[in-house]
Amino acid sequence: MSQTSYVLRLSCPDRVGVVATVTSHLASRGANILEAHHFLDTVSNRSVMRIVFETGGQPIDESAFSREFGAAMQPLGIEWSLRDQADKVRVVIAVSKHGHCLNSLLHRWSTDTLPINIVAVVSNHEEQRRLTEWHDLPFHHLPITPGRKEEQERRMLDLFAASRGELLVLARYMQVLTSAACRELKDQAINIHHSFLPGFKGAKPYHQAYQRGVKLIGATAHYVNEDLDEGPIIEQAVERVDHTLSPDQLTTIGNEIESVVLNRAVQWHAESRVFEFGNRTVVLR
Amino acid sequence: MSQTSYVLRLSCPDRVGVVATVTSHLASRGANILEAHHFLDTVSNRSVMRIVFETGGQPIDESAFSREFGAAMQPLGIEWSLRDQADKVRVVIAVSKHGHCLNSLLHRWSTDTLPINIVAVVSNHEEQRRLTEWHDLPFHHLPITPGRKEEQERRMLDLFAASRGELLVLARYMQVLTSAACRELKDQAINIHHSFLPGFKGAKPYHQAYQRGVKLIGATAHYVNEDLDEGPIIEQAVERVDHTLSPDQLTTIGNEIESVVLNRAVQWHAESRVFEFGNRTVVLR
Amino acid sequence: MSQTSYVLRLSCPDRVGVVATVTSHLASRGANILEAHHFLDTVSNRSVMRIVFETGGQPIDESAFSREFGAAMQPLGIEWSLRDQADKVRVVIAVSKHGHCLNSLLHRWSTDTLPINIVAVVSNHEEQRRLTEWHDLPFHHLPITPGRKEEQERRMLDLFAASRGELLVLARYMQVLTSAACRELKDQAINIHHSFLPGFKGAKPYHQAYQRGVKLIGATAHYVNEDLDEGPIIEQAVERVDHTLSPDQLTTIGNEIESVVLNRAVQWHAESRVFEFGNRTVVLR
Amino acid sequence: MSQTSYVLRLSCPDRVGVVATVTSHLASRGANILEAHHFLDTVSNRSVMRIVFETGGQPIDESAFSREFGAAMQPLGIEWSLRDQADKVRVVIAVSKHGHCLNSLLHRWSTDTLPINIVAVVSNHEEQRRLTEWHDLPFHHLPITPGRKEEQERRMLDLFAASRGELLVLARYMQVLTSAACRELKDQAINIHHSFLPGFKGAKPYHQAYQRGVKLIGATAHYVNEDLDEGPIIEQAVERVDHTLSPDQLTTIGNEIESVVLNRAVQWHAESRVFEFGNRTVVLR
């Protein structure tokens, strides 16, 4: 039933024979390919691949496999990583006062429908402690005191490291990270922006949307980078709205979209589907 | 079957008794209300209403009705307009080289599924002459020569007036109108912007969208005003896209959205459903 | 801020002067109309209206208002009901083992973004007790024992009555109600069906959808009536899916749609927006 | 610019080494893979692949390539086909009286945004002759006379063959084909059904949708098979509707969805993206 399977991610400059080299090596080790997806990005002229394989029921010797596979890939300049699908990504969630995204992530996780391993929740406020602890998860309150915001951020990053976190999910954390933190978290932090980017950057996007009279509102999940609200987009969705809705009602509808969009982005990241190309992503679904 | 019916649009400062005054007057003239929609905009504190009524089969004496109705509305400061639903809005369409929006408008019009009366097509290019004339409509070629753009614009506005146009539809006209023209066309011109505003203003939005790696692309129909791409939004829609699509393919998908969005905006305007409040619209559907 | 306001629902055979009679009466009592929506259903030739009004800050004497208003409406055969908007609909939620809809309803309720008053949760299983009691709500376990299903249903209906429930929300209750219960709950029970009706009636719709290879899956919220899965539809939504998704993954996506759709239907019902016409609904948004 | 490229479709029972065998063969011939997509259908245990490759600018010798490639694939039981991407699929369109799908297909084709080669239009009516001939395409009027429907169908199939048609697009043809014709056209005919299947099979689906009060309407493009409206689904889409829309207005909205959905299905088929598995399709996008 729960057969051992592996997901392999690869990225390399485009050249003849890349797919053949990879798949031939796997075939020679008796690996049966369950899913294979290749995409050549013609802007950067780089290929990315995601391959899911199993080996007839018995687990592979990961270190031997890696040694041999690495040797085969090296001549072609292929960067790669391997992950046992049973080894779920370790996630730390950062929240502020609002709990809709946290609640949705925890519900999906607790019903075993989101393939991640949540290890801690951190917050600059106390509001979400009760929900977190009800799920038997550690809740870390890291309040922000005037003039000591960077110190608090440092504590959060240390906690992320100490928890052996692999992905930091900013589930409406509402704090702008320093450039240093953004660099440190590169490829490891996903933010949900409560707007359909690139429209309505910055604060209070639902109020902006109301003032502008838009007919659709949306949310955007993206990797964190040094440009606020400009990181590579992983997923977006919108919902139809109209003039009868107040900014509060737009916010409620927006909250539902945010939860759905963030769940999807976290899932795709956790399933090794997302590749970054500069300011864009490729999601191999 | 094709019973005579009228659509009444009203707008006024909010006060007690507005709806009662309007509907009582109509009832006293034997008008049977088929649709009534009222909305109080709490930002501007103005009410808008749209009422569709018929009067038992026989047409009303419009000038007598207007005189009496106007007298009844005047004390409450109600602005209003009346239109026989059989009297379709006279539309002039402006296009450039691309014909997808024009083709869709003409198809809907020619199959009697868009309640407008197209009276002319104008263009700064010749590409759409053949399609226009095939539909037995006059095509006016108004080329733009260097240094004489304003003169060409003047000719277009004169043509709009001479055609007794009531609505100018910029169906990918691709020319920025002067401020003077925008003022002159206030409430009478609808533009289709090939982007989900307020993102990607300006030129080549599908290329911008590609560079930014967005996961949805869209289109926006809005009234023309002096701020380019900032007029009141009437309708918007989006479609899901992904990394596999080139800028050309995004453009093709975007073109289909543009046609659908522009058709809807034109229809709602033609059905007297759209009210402007500063930079927003209320669409009473 | 939290001004006293009222929502008035009306329904009557179409005739001249209905809107005028209603709004004139309200104006004569100093009621200021905040929202008014009228729809004439040309199939049944009945009018429905929803009017939200306030009376300058002070509450009305509801019994005096009702006596006078009733007298004014009676000659026109107008059925009506009045509700103080602060008086939230009392809701009982019925669930089975799965908690995604319950979790979403409770989250919205607890963050004050769903205008209902949840008074109890009932279930034929124990799974959702912990979540319910964490929200300080009574959880009633009404197990179904072989041959005594009708008795259990009777107990649920008695509990609904004893709780002074006004709306029973079947949030994935998974039990078919008897015809007698459906009649008793007419207009008072909303079910979420895990499919885009009228396709995929009956059990395991996501497996049916998988077998059929549909490209969109959806959910439908409807009033309960005697024909299983055939009650008047209140709201529906869909999400795009593809061949890569297993029945389990379709189920997870479907669960998210179910929560959103059920929340909307409950909200619109609670805001007195939904009118039933035979097997259809009119939702005055 | 318009580099020669090829699309290869493959299908086979799942076994170790399939992807490696294919890609190694291509690499040994100097083929550069531009896109590669593999999917293992775990229900049927068959793999499908779609590979786009080019060979450094110069065209391949197709017959030599095919001989060698076929020899390499044969031991693994791989079924395959190769197509030069410049060699567009030859399409015959069948219509009845309504022209919205035809108009949209012709517009896309004539603006070079749909990669097909339309060779003829056939119809049992005369309505679409003018539009067809305006596009300089042959229009074949094949009227249906009482008792001679099968004979007319035979003439249509003969015409399809004589035109060397590869795909018959039933763009609202409105005639039920005989089982014999469905068998003959297997995998070669796409129909647009004006409903979100599997709901509302049969005639007048928009009237059915109106009677049922659905909140979304849709359209479905599918391959033709012997079970009317039950062929493998290629694409579906929906649009939000409400109670204010008459059956005629639903039809207009539905027509727009039909055009978009049919265009997409035809495009994906023409790009060799669609694989049939029994009653389902896999669309490798």
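We call the chains A, B, C and D, going by the order they appear; numbering starts again at 1 in every chain.
Operating definition for what follows: contacts are C-beta pairs under 8 Å (C-beta built on N, C-alpha and C of every residue); 3 or more make two chains touch, one makes a residue touch a chain.
Note that the structure is a prediction, hence the values are computed from the model and not measured.
A.B. asks: Tell me which of A-B and A-D has more C-beta pairs in contact.
C.D. replies: Between A-D and A-B, contacts are more numerous in A-B.
A.B. asks: Residue numbers at the subunit B-subunit C interface: does the shared fraction exceed half, giving same, or fall under half, giving different?
C.D. replies: Comparing the two copies, subunit B and subunit C contact each other through largely the same residue numbers, since over half are shared.
A.B. asks: Among all other chains, pick the one whose mean CA position is farthest from the mean CA position of subunit C.
C.D. replies: D
A.B. asks: Just curious, how far off is subunit D from subunit A if you go by their C-alpha centres, in Å?
C.D. replies: A distance of 36 Å separates the two centres.
A.B. asks: Let me have the rounded angstrom distance from the C-alpha centre of subunit A over to the C-alpha centre of subunit B, please.
C.D. replies: 42
A.B. asks: Where in subunit D do residues touch two or more of the other chains?
C.D. replies: Each of 35, 39, 42, 242, 244, 285 in subunit D touches at least two other chains.
A.B. asks: Using the touch rule from the top, collect the residues of subunit B that touch subunit D in their complex.
C.D. replies: My answer: residues 35, 99-100, 103, 107-108, 111, 113, 134, 242, 244, 252, 255-256, 260, 263, 285.
A.B. asks: Can you tell me which positions in subunit A touch subunit B when the two form their complex?
C.D. replies: So the residues of subunit A touching subunit B come out as 39, 41-42, 196-200, 211-216, 218, 232-238, 242-244, 246, 277, 279-283, 285.
A.B. asks: Give every residue of subunit A touching subunit D within the complex, in rising order.
C.D. replies: 14-21, 23-24, 26-27, 30-40, 42, 47, 240
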